[in-house]
Structure formats: structure tokens, C-alpha cells
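Going by the order they are written in, the chains are A, B, C and D; count residues from 1 in each one.
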Amino acid sequence: MSSIWGNKLKVSIFGESHGEAIGVVIDNLIPGIEIDTDYINRQMARRSPGKSQLSTSRTESDSFKILSGNFNNITTGAPLCAVIYNEDKKSKDYSNLRDTMRPGHSDYPAFIKYKGFNDYRGGGHFSGRITAPLLFAGALAMSILEKYKGIYIASHISSIYNVEDDKILLADCDDESLNYLKDMEFPVLSEKKGEHMRAEILKAKGNKDSVGGTVETVITGISAGYGEPFFDSVESRLSHMIFSIPAVKGIEFGAGFDITKMYGSSSNDTYLLRDEKISAKTNNNGGILGGITNGMPIVFRTAIKPTASISQAQETVNIVSMKNTTLQVEGRHDPCIVPRALPVIEGAAALVLLDLIMERDGVTLNNEK
Amino acid sequence: MSSIWGNKLKVSIFGESHGEAIGVVIDNLIPGIEIDTDYINRQMARRSPGKSQLSTSRTESDSFKILSGNFNNITTGAPLCAVIYNEDKKSKDYSNLRDTMRPGHSDYPAFIKYKGFNDYRGGGHFSGRITAPLLFAGALAMSILEKYKGIYIASHISSIYNVEDDKILLADCDDESLNYLKDMEFPVLSEKKGEHMRAEILKAKGNKDSVGGTVETVITGISAGYGEPFFDSVESRLSHMIFSIPAVKGIEFGAGFDITKMYGSSSNDTYLLRDEKISAKTNNNGGILGGITNGMPIVFRTAIKPTASISQAQETVNIVSMKNTTLQVEGRHDPCIVPRALPVIEGAAALVLLDLIMERDGVTLNNEK
Amino acid sequence: MSSIWGNKLKVSIFGESHGEAIGVVIDNLIPGIEIDTDYINRQMARRSPGKSQLSTSRTESDSFKILSGNFNNITTGAPLCAVIYNEDKKSKDYSNLRDTMRPGHSDYPAFIKYKGFNDYRGGGHFSGRITAPLLFAGALAMSILEKYKGIYIASHISSIYNVEDDKILLADCDDESLNYLKDMEFPVLSEKKGEHMRAEILKAKGNKDSVGGTVETVITGISAGYGEPFFDSVESRLSHMIFSIPAVKGIEFGAGFDITKMYGSSSNDTYLLRDEKISAKTNNNGGILGGITNGMPIVFRTAIKPTASISQAQETVNIVSMKNTTLQVEGRHDPCIVPRALPVIEGAAALVLLDLIMERDGVTLNNEK
Amino acid sequence: MSSIWGNKLKVSIFGESHGEAIGVVIDNLIPGIEIDTDYINRQMARRSPGKSQLSTSRTESDSFKILSGNFNNITTGAPLCAVIYNEDKKSKDYSNLRDTMRPGHSDYPAFIKYKGFNDYRGGGHFSGRITAPLLFAGALAMSILEKYKGIYIASHISSIYNVEDDKILLADCDDESLNYLKDMEFPVLSEKKGEHMRAEILKAKGNKDSVGGTVETVITGISAGYGEPFFDSVESRLSHMIFSIPAVKGIEFGAGFDITKMYGSSSNDTYLLRDEKISAKTNNNGGILGGITNGMPIVFRTAIKPTASISQAQETVNIVSMKNTTLQVEGRHDPCIVPRALPVIEGAAALVLLDLIMERDGVTLNNEK
């Protein structure tokens, strides 16, 4: 599949960091949906660089142009293509990278896979910039889930380096209760922990270094019965998508790796009736049992590695001369990619949810919550 | 997709815990492969129950019968169907479970998804028993990878409850060097830690409880250039498959969640020439960069939750009478599923690798390493 | 894909003419459907050989055994596997065919594709016998369409050799009005033409030869709006499936090839209101416009070539000795495959229709007509 | 799937007749291919309107712009997106068509499927104009097949209305021997028959009417062993694609419908050794047996209906007022779409062939003929 995703809803992304344009085609969209441009722009702005000293100073213009699939700003059901034309491209920055493989980047495996024909400028098609069209599609899906299905997706930065944010309590996961995180420039539960995290990022930046972190995502309002046993479990579908985002190295659902240190008598989420509805007292399984949603919030955490591009000198190999060499990556880098990855994770999850819903319920808006 | 998996190599599993038979259809197999029945039986025996006091006493007959796709024990290229007929099924054990939802199991979401028509006996199609045909396919794939591609997959139990095994060193990951783990009944690096782990399992069993753990898997011999950017990254493909295995709640590659606590200057795996081949000094990225293999061993850890079936009384709901109730699950349970899940993880990973290879190199055995 | 088919509903067929068993796995079936065994058996009996002197004397036992996916004869939603064990296999008949390529058969291309590893006995996986499990799936789909969606599929033998049956009039295509054809051993509109057709078949048989023919299929009760523009047009989906049936060499919809000899002013199916519903006066487009159903009956004709197996001596090549040779195919052959192919075509079309409906309307029985 | 096609090579088309742009994304292209812009332009010019009095006077600008996937005019292996911006759009011509359903067009089923939200201007996404990006992809595939695989695709207009061209003889189907047809404005074997065909088209045009016809396509140079039994037979794959082209109502392979009027002793293509290679004396099966290529040229004929848009008054229904009405379609129409459809058929077939080859041989150029 490579750059096409989806069972029923299909998303096809294209473009390179320094090519003509990057973009996305979304196929099988439900017709009759008003495209909430403001909503999409807000989500995309969260990913945009150059907002603060925490991110790269490259000012990418992420304004998209819709080429097809809408009519009077309403989806037609035909494939919707949106493109973002590349403007601020400084290709010269990358000319020395043609032969010298950046550690931690895709350069070397891409060189092998594409036999040297890949566009090496700024990582080419592997660039994190390609998450912009993915986010466009994701934000559109997210706006549909909110408006038509009562499903909300919210995330906080759960850790940066060794600083951890507070835990989200199950009691705080009702419908829109976490939506305020979307309005925060640096979305955390504890402002104090957030300050510590920012300090760690700036410290790394000062050292010409970078740091990673984790993002915790909560999806509320999804009812029981979505997903499949085995090969299309909700965990399978979500993890497949989340690992599509560059720099992700781990994912866990519910209690995740910590569940391995529990006893079954504690980890089992026992049921009880609440307001004549079946509910679970705990959510160690993160809203998914046997691969299928159980009506509890879906909770997952994503591990994001430190930005691979750093301005320090690093040992590597020149693949043409086949000699050991030292590389100092020039250009503008994010000291920490976590805050910008967060809305991409949300959008990516929204695409998975919408696809799961369309697979079970069909191509219709009638199945409102 | 649900119970069918694969891009080029296709695997379709079917069956229920207490139905007539469970089985698998493998499509697009390369023709001309001698089916190594001994190899497959050895791997399947590692998953079989009733071997020791660490696992359930149910003695499942996992002997498979191949119905198609082979001729004189050599693959023909036509779909290969293998079935395991169910024999030792005690359906009565499960009759009280029709209406009472077991905590930690798929019962409730399955009831909603299938509108009450699912086979509830022993979890039906959601039973861990369905991993037997998956393992059949996986073991076949694993034998092909070893014989024709020089790719070896090995795993150890990296933790049970709060007891952790020693770490695998990168220096120990050469080709077949970890193959000895396949011959161990309880595969660990440190026999002493292994003893502690066994003690924890028996302790949980004594308490009518269960425990979870983690499995670490290493894949050696895979060369650089397999996988895709974005939606079919190797991490995406592997995680999708691994989360298909019941009870898995987390996966991480390379340094995984710990990489989020590193600086970029440490986490980047710098390159150097070794024997005129490009190699990396470290393997924090677990053999995958930009979604593509970089020639280093693929390393991942899988989090497995405590067995959901325990013999203690648990609170739950009767979904027909819609009343709170208490449930004590009868029958034979594994106090810890980790040792039996381990060969399934290996086989599942083998299927992903073989599919990745066939997608790039085609349906041929000519691309031997 | 090869032996797996479907977008939402998935069908995986397996088996060889002289192997252990042939069978089918049907995935994503809607749960809660009573399996109408009588209906399925009736349709399968129409395909069974040995019924009359018009077909082969091989008495295949086509009695199927369901291994999974049903519980108390009701679909569970889990994959349904049905197998037919091979019994009356005379492998000796085919031993001389290992090296000598039968003209008109798959022998030669299969030998090349599978590098000689294919099961050559009776055509192996290429045998028309594999249409039995396909028909099982198709008959199940057909019974669902009839019972839950009010959709009926009926066919007549529209020609054998140069003898043509009467034309079906649009006025005769209401709901179940053509259902009587299913009860005929040799389904034709004109009994007289039918007699001529039978005579042609017996004449060919007497000459140790074979004849072909066409089948016309009408699908009533499908409402407007199913299908997709371009790559998943209803014609694309149906033709893809129908060409999966061995011996099919052509398909046409509505007026088909004859529409090329009409003027647009005649071929356009003009609309009019009838009982406050939109209808077309003619059906030259066979119920499909722009790839989407328009509410008129779907009509298509399938061209089936003469049985490739004939008892006359034929020139061919021995692929091992690489010498020209002469071959006389022994064994029991159908002088004409058309009557036995007819129910397979109906079932195959039913699978396509059910898949199209599930893709748009989801996995539910609530969208009854 | 709808607007995405392909197993290994993936093609995603988008756009509407009167939207911003139409385009295509091609995924999984082999890296390192020089994009032969001249070749592509030549093929696209054959489809362009306004060339002669035989086609519509709308002068579409079909000049494409490549947005991604190439670097220095060589494919990188990343998704290649090409767009054609719409320029000469006269939306006013179509304003009266919002509510009045054009007979023979997709208007009515599209209205139902998309619940009235489809872009009705010029047929929107259903417009024949969307075949331009499909042809871009197809011409690129065709240039790859020629240059790297020695596979040639050529077509002639085999009939217009009731005028038939001469037959292509098997002896004339060697490699590039039919390539001259690509340089003809009206590609036929017999110039005289071609004159009669043109006269029929102009006669229909004079009568404000339209005519249809057939196209015969020959593919040479494809070796034996490509394709699959059953669901991915070469006939299935080709017919699926060809029926994606608007106005196609039938397809037949080899002798096609005429094979139903032959005896098996004639229709079987007997083998003989020629230059130590296996060949068939005849080609009634059109190069495909058991769904797999047999090394003979692939031959198929496509039936194309008369242009649905005619300037005569036609009876139809106003779907909003739900009243019978009369419609006279204004605007610029082709009296016969066959000559412009021909290169689209060739390109579409090229995509299928390239996909079949990549599925078997992998993503490589090393398997040159």
C-alpha cells in the first residue's frame, strides 16, 4: 500500500519536502458534509512550525487548496484532493546530504530501497512535512466525528524527556471534557509540569541537541461494537496508522506496558450497571477488548523519539565514496517534535475511527449517536 | 478485513473454540517449497497447552491436516488450507457464560457487535485457540525465511510480572546466535531470572489469579530496504499483526518508550563501515528508519496482559436480565499466557516479513540471501 | 488476490480436483442469518455432474460440511468455512497429462507460472470443480438477497452453438417473475429452442466434440444508487467476478455489443414517471449508468467456450521432452458446460451484489427493501 | 475502492469536469524511470477534443503538471501526482441540468447515490474528462512496458455503427508490427472501411445524433505465466479496468462471443514447437488460459455505446418537481466517442499489465525481456 491507507475511507498522500506541492486525496467521503475550514485550519496551525522558540524557524505555508470533491464547500462524495504548494524551500541547505547518510533518518534505507533515485532534499517524501496533508484529512475526519457522531479526540503531552505530566483520570473523560486541551499551545494537564517540559526542550536546543516524549490520546463517545477480532482489531488499526507518523517508536493501549505488572484480578475491568447502561469500573484495557470497542474511552500513548536532525557533528558514512565521515546537519530543526506531532496523532486516529464506523455502518450520516 | 490478512501473501483464519474445526487458508504461497512438517510441529508444540503446571490442563490436539495447496508435500502455489479438528471440547463448562459477561474478555463487545449471535462457548472465534492455525501459517513462513532467505526470528520472555530478564546485547544478535532460545521450554537469557518468573506464575496460580509479561523478539538477517514510508512502515505492518494476537496491549521498537528519555545525540544510531558494509553502532531504532529496514536486527517488545480468565469471583453484569451479578469462571485456565504467546508472536512476525519480501521481490525463491 | 475476493464480504476458495478437499471461507458475513441449507443444496444440485447424458458421468459428491461461523445453523458473523471432501477421484486417468499440455486448458500457463509444481491431476486448482465451493458461497448470498433484500437473480441458456433462445422482455422482469427458470433442468424460455440446443449438445458428444453457448442473467429488485464511478463500476465488479469462472470469454451488459450498432437517440433509456417512481422505458444500459445501478433490472450475458476436454486426438507439445506430440484426453467430460455454469454465474453475481450492498449500507440486515 | 485502483501499482484519480483541477496519484512506481513526456503527450493528444469535426469543439487544455514523485524527471518511487487545471469551463451550459436527468448519463443514479450533493456540472466526477488523468497514468505505464519489458499495445477501431474494419491476423501480431496504428488519426486497418466509418459519424452528427462502435486491442510481448486462477484472472483484471471507462458496455477476449458458436475441436488452440518455443496455432483464447497468459498476444474487443449527450429533444423526468419533462442537451458533444476512447483503453490495459508484472516480479526493472 505504502502511501495509500484505509479499508472503506481511503487516504492517499503525496509530495516531497522540496517538490512542487504536497497533498492528499480522500476517497469515499460521505456526501453532504459541510467542510469546516476553520476547524481544519485550527488543527493544522497546531502542527505549523515557526510558532515559538520550541520549534523550527522554517515558516511553512500550510494553506491548502481543495482541487476536487467539494461543491459550494460541501462534500460531493467524489474524491477530495487538497494540495499545499511548497514555497519556503531552501534546497541548498540539503545539497551536502546527497551522499552522506544522516543518522536516525531514513536516508540510508531509502537510498537502498529506491536505488539512489529518491529525492534526498529535506528527506523528500519521508519528510515530516508530509504529515501536513495527512493532518488535513485527519482534521476533516475529526470534525465529522464531532459533529455527526459525538466522538471527541483529545491529547496531552504526557512526557518530555524524563518529565511526566499528571495522569488523566477516567472520571475526567466525559465527552468534551478534555476539549480544552485543543486550545492550549502546549497541551498538558499540569501547567507546572508543562513548564518543566518546556525547560527541557530549551535546554536540549541550547546544547544543539533534541529530546523526545510521549503523547496520551483519549477518544470519547465511541460506542461498543466497532472493530474486528484478530487482523483488524482496533489496536491493530490504530497502531498501524500511528506508526505511519515519522519518529513514533512505541504505542500502548489502556494500562499498556504497566498492565504486564498487574494481576488479572486487578487488570480485568469489571462491569457494573450505571444509569441502566453497562460500564466498566476501570479502563485498563483502554476501551478495547478482543479487538472491539467496549464503550469505554479509547486510551493510548505514543512514544516519539528525539528529533533526528541535530546540529552536532555526528559520525556517519558517505555512501558513494564508501568512507567514514563526519556530518553536521545544517538548517532549521525542531529541538522537540512532540508538540507538533500531537495534532497529527489526533487526526490520524480520527481517520481510523471514521473508517471503522463506515465499515460497519456504511456510507451514511444517519447513524448519529 | 477482519479475519483475512496480508498484502501479497494472504492468510485467512477461521474457527471457534468449540466448533467443528479451526483452520487457515494461505494464499499466494511461493510454489516449490518443501513443507517442513517437523519444523512446524516443533513451533506448534511450544504453544500447545498441558505441557506443564504453568499452563492450562486442557489437552488440545493441535495436529493439523493439510487439505489443499500441496502435492507430494511441496507447495503448489495454490491456496493451502490446513485444519485442526476440535476434539477435547467441554461445552458444558461455558453454558453459564451465555448471558454473563466475563470481565477482561471480548464477551460484551462481541455481544454488541454480533447482536448476540456470536458463539459464546469458550470465547468462540475470539478464543486464543484460533492462534493455533495462525501459528501454523507463521511457522511455515518462518521455515521459509530461514531456509531461503537466511532470516532468523528468536524471542525470550523479557519479563513476567515485575521480574525482568537480562537484556539482549546487539553483539549477540548475529544470524542464528539466538536460535537456542527456540529449544528452551521457558526461553530466557538468565536461568535465575527465569526461575523467579516461574515462581511468580505459580504464586498467581495459587491465588486463583494470573499475571502478564513481555516478550522481546529479534529478527536477524533481513537486509536494508524493505518496508514503506508512512502507511506501510515496517512498524505499522508488524504492530498491526502483533495486536491481532489476543491479550497484547503494547508494542515498542528498538529502545521503544525509553527512547523518549534520551537525547538525539544518543538515540541516533551513527553509521560506520565494518567489513566494507554499512552498519550502525547502536540499534535504538530497532532496525527500522523511516519505516524501512536499515539492515540492523529488527527488535521489538510485546506487552501481554494477565490472563483474563481467573477462578476468583468477579463483579459483572447479566446482559439479558440487565442486572449486576457475580461471576466465577469455571474451567481450565493458564495462570500466564506469555510462554504460549511467544511462538505465536514469532510466527506472526514471520508472516509480516515474508509478505514484505514478496511485495518487493515478487513471488520467487530466487532472491536468496 | 488470486483466490480471495471481495471488498467488504470476502470469499476465499481453495482445493484441487484430486486433493483432500475443496472449500471456501466466507468472511464478514452478517450475523443472525439462518443458513438455508435446502436453498443452497438446490442451487448446488444444478451444478452437479452426472444428472443427465448432457454432462459428465463423474459422480462428484458435492455435500458440504460447515466447519465454522455458524451456531445452531445461524451465522455468527465469524468466518464461515465450508468444505467438500473429494471422494470419486480417479487420479490414474490423468497420469499421462503431467508432461503433455492439453490444448484449451490452463496446463501450459500453469506449468510456467508455478514452475512445474502445480497439481496437474484433473487441472488441480484450475478445475471447474472448484466452482462448487464458489457456488456454495454464491447460493448463500443469493438466499440472503432474496429473503432480506427482495433481490432475485435468474438466468436462462440464451444460446448453445448457433441456436438462440427467445429474448427476455423487459415487461417480464418483475421481481420473482423469472424465478421459475430455477426449477428447470435446462432453463430456457422456449422449450422448442431448448430441444434444439440439447440436440446440438448430443450431436457434439456423438462426435467426441464439445460446444459452447451463452447465459443471460437478470437481477431484479436492486434499487438505484449502488456501485461506484470508474474503478468499482457495477460492470467492473460483475465482470471481474464472472471472468473468474473457468471458460468464460465474454460479457456484455444491457444491449451489449449490439448497442454499438444503435444511434444515441435509440440507445438512451429515456425516463418517465410510473406510479410516482422514476423508471426507464427501455433498458439498453442493463440497469447500470455511470457504473451505478439506476433501479432497472441488471441484465448481462456471459459467453462460455466449448469444453476444452474432448476425446479427439489433438496436436500438442510434451513440455519435458520438448517434442511435438498427439494427445487424446481420456476420462469423463461434459460435452457442454453451459448448463452447469449457469448456477455458478448466478451465485457469483449474488456475491457481487451482496458485497456492493454491504459496502454502502454496512454490515446489517436492517436495510430491507 | 471507487476511485482507487490496483493491487501493487496503485492509481487514484480525482476531479470534476468543471472543478479546479483533475488529476491522478500513482503509487508504488518503480524508481529510476525516466518519464517520457513526449510519449505521454502523444498518447494524450489522441484523446484530446477539438482535433477534427468528428469530436466536440470544446478545447480542453490537457497539459499536465507533475507535483511530486519525480526528481530531475526521473521517478523516485514516491507517489507521483499529476494534475490538469481546468480552464475552458462553461458552467452556464449545464445549469438547467441540475434537476433534469439526462437519459443515458449517470445523472439519476448519481443523484440517488450522492443524495443530490454530486457536482452535476458536466457530469462532475463522472465526466469522460476524468479519463485524461487515467490516460496520463496509462501512457506512463505503456512507455515503461515498451522500454523495459518489450511489451507493445496497439488498437484499431474495429467497428463504427454497422461498419466493420478488417480483421487483425495472428501473423500480423509480432512485437511492434501494429505500432503504426498509434500514428493514425483514425486508426483502422482498412482505409476504405475507415472512410465509411467517418461518414457514419458525420451522418449521425448531421442528425443531431450519435453512434457507437468497438475497439480491438492487441498486446504483444507478454510472456506466459502472468495472472492468477479465479478471482484475479487476466480477463478479470482487464475487464474490471476497461469497464471503468465510461460508455463501455461489453468486452470479449480472443474469439469472444463467437467462440460460443465453435466446436471444441476448433476452438482449442493446439500447441506446436516453433523455433524451440511453445506456441499455439490459433489464438481463440486471446492469449489467456485458466486466467493466465500463455505467451500468445492478448486480444480483446471493447463495446462502446453511442455518446449519451445528443442535441435532440428527449423525454425525461425533473427529479425535484417529480414531473415528466422534455430535455434538449445544449453544449458541445462528440458525435462518436470511440476514437477518443481508444487511447484510454490502451493506457488502461497498460496499467493492468504493469500491475500484473509487478505483482509477480516485484518492484524492479531487472526483469527485462
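Following the convention adopted for this analysis, a contact is a pair of C-beta atoms (placed from the backbone, for glycine too) under 8 Å apart; a residue touches a chain by one contact, two chains touch by 3 or more.
All figures in this text were calculated on a predicted structure; none of them were measured in a lab.
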Shortest chain-hopping distance from chain A out to chain D: 1
Between B-C and C-D, the pair joined by more C-beta contacts: C-D
Taking each chain's C-alpha mean as its centre, the one farthest from chain C: A
Approximate Å spacing (C-alpha centroids) for the pair chain A, chain C: 46
Chain C-chain D separation of Cα centroids, rounded to whole Å: 26
Centre-of-Cα separation between chain C and chain B, whole angstrom: 39
Numbers and ranges of chain A residues touching at least 2 other chains: 1-4, 13, 78, 113, 125, 229
Residue ranges of chain C touching chain B (in the complex, touch as defined): 1-4, 10, 12-16, 19-23, 25, 27-28, 31-32, 65-69, 71, 74-81, 83, 113-115, 117-119, 124-125
Chain D partner contacts - residues on chain C that touch it in the complex: 1-5, 7, 13, 101, 103-106, 108-110, 112-113, 123, 125-126, 130, 134, 159, 161-162, 204, 207, 209-214, 223-233, 235-237, 239-241, 243-244, 246, 248-257, 259-265, 267-273, 276, 278, 280-281, 284-286, 288-295, 303-310, 312, 314-317, 319, 322-324, 360
Of all residues in chain A, those that touch chain C in their complex: 8, 78, 229, 358-364
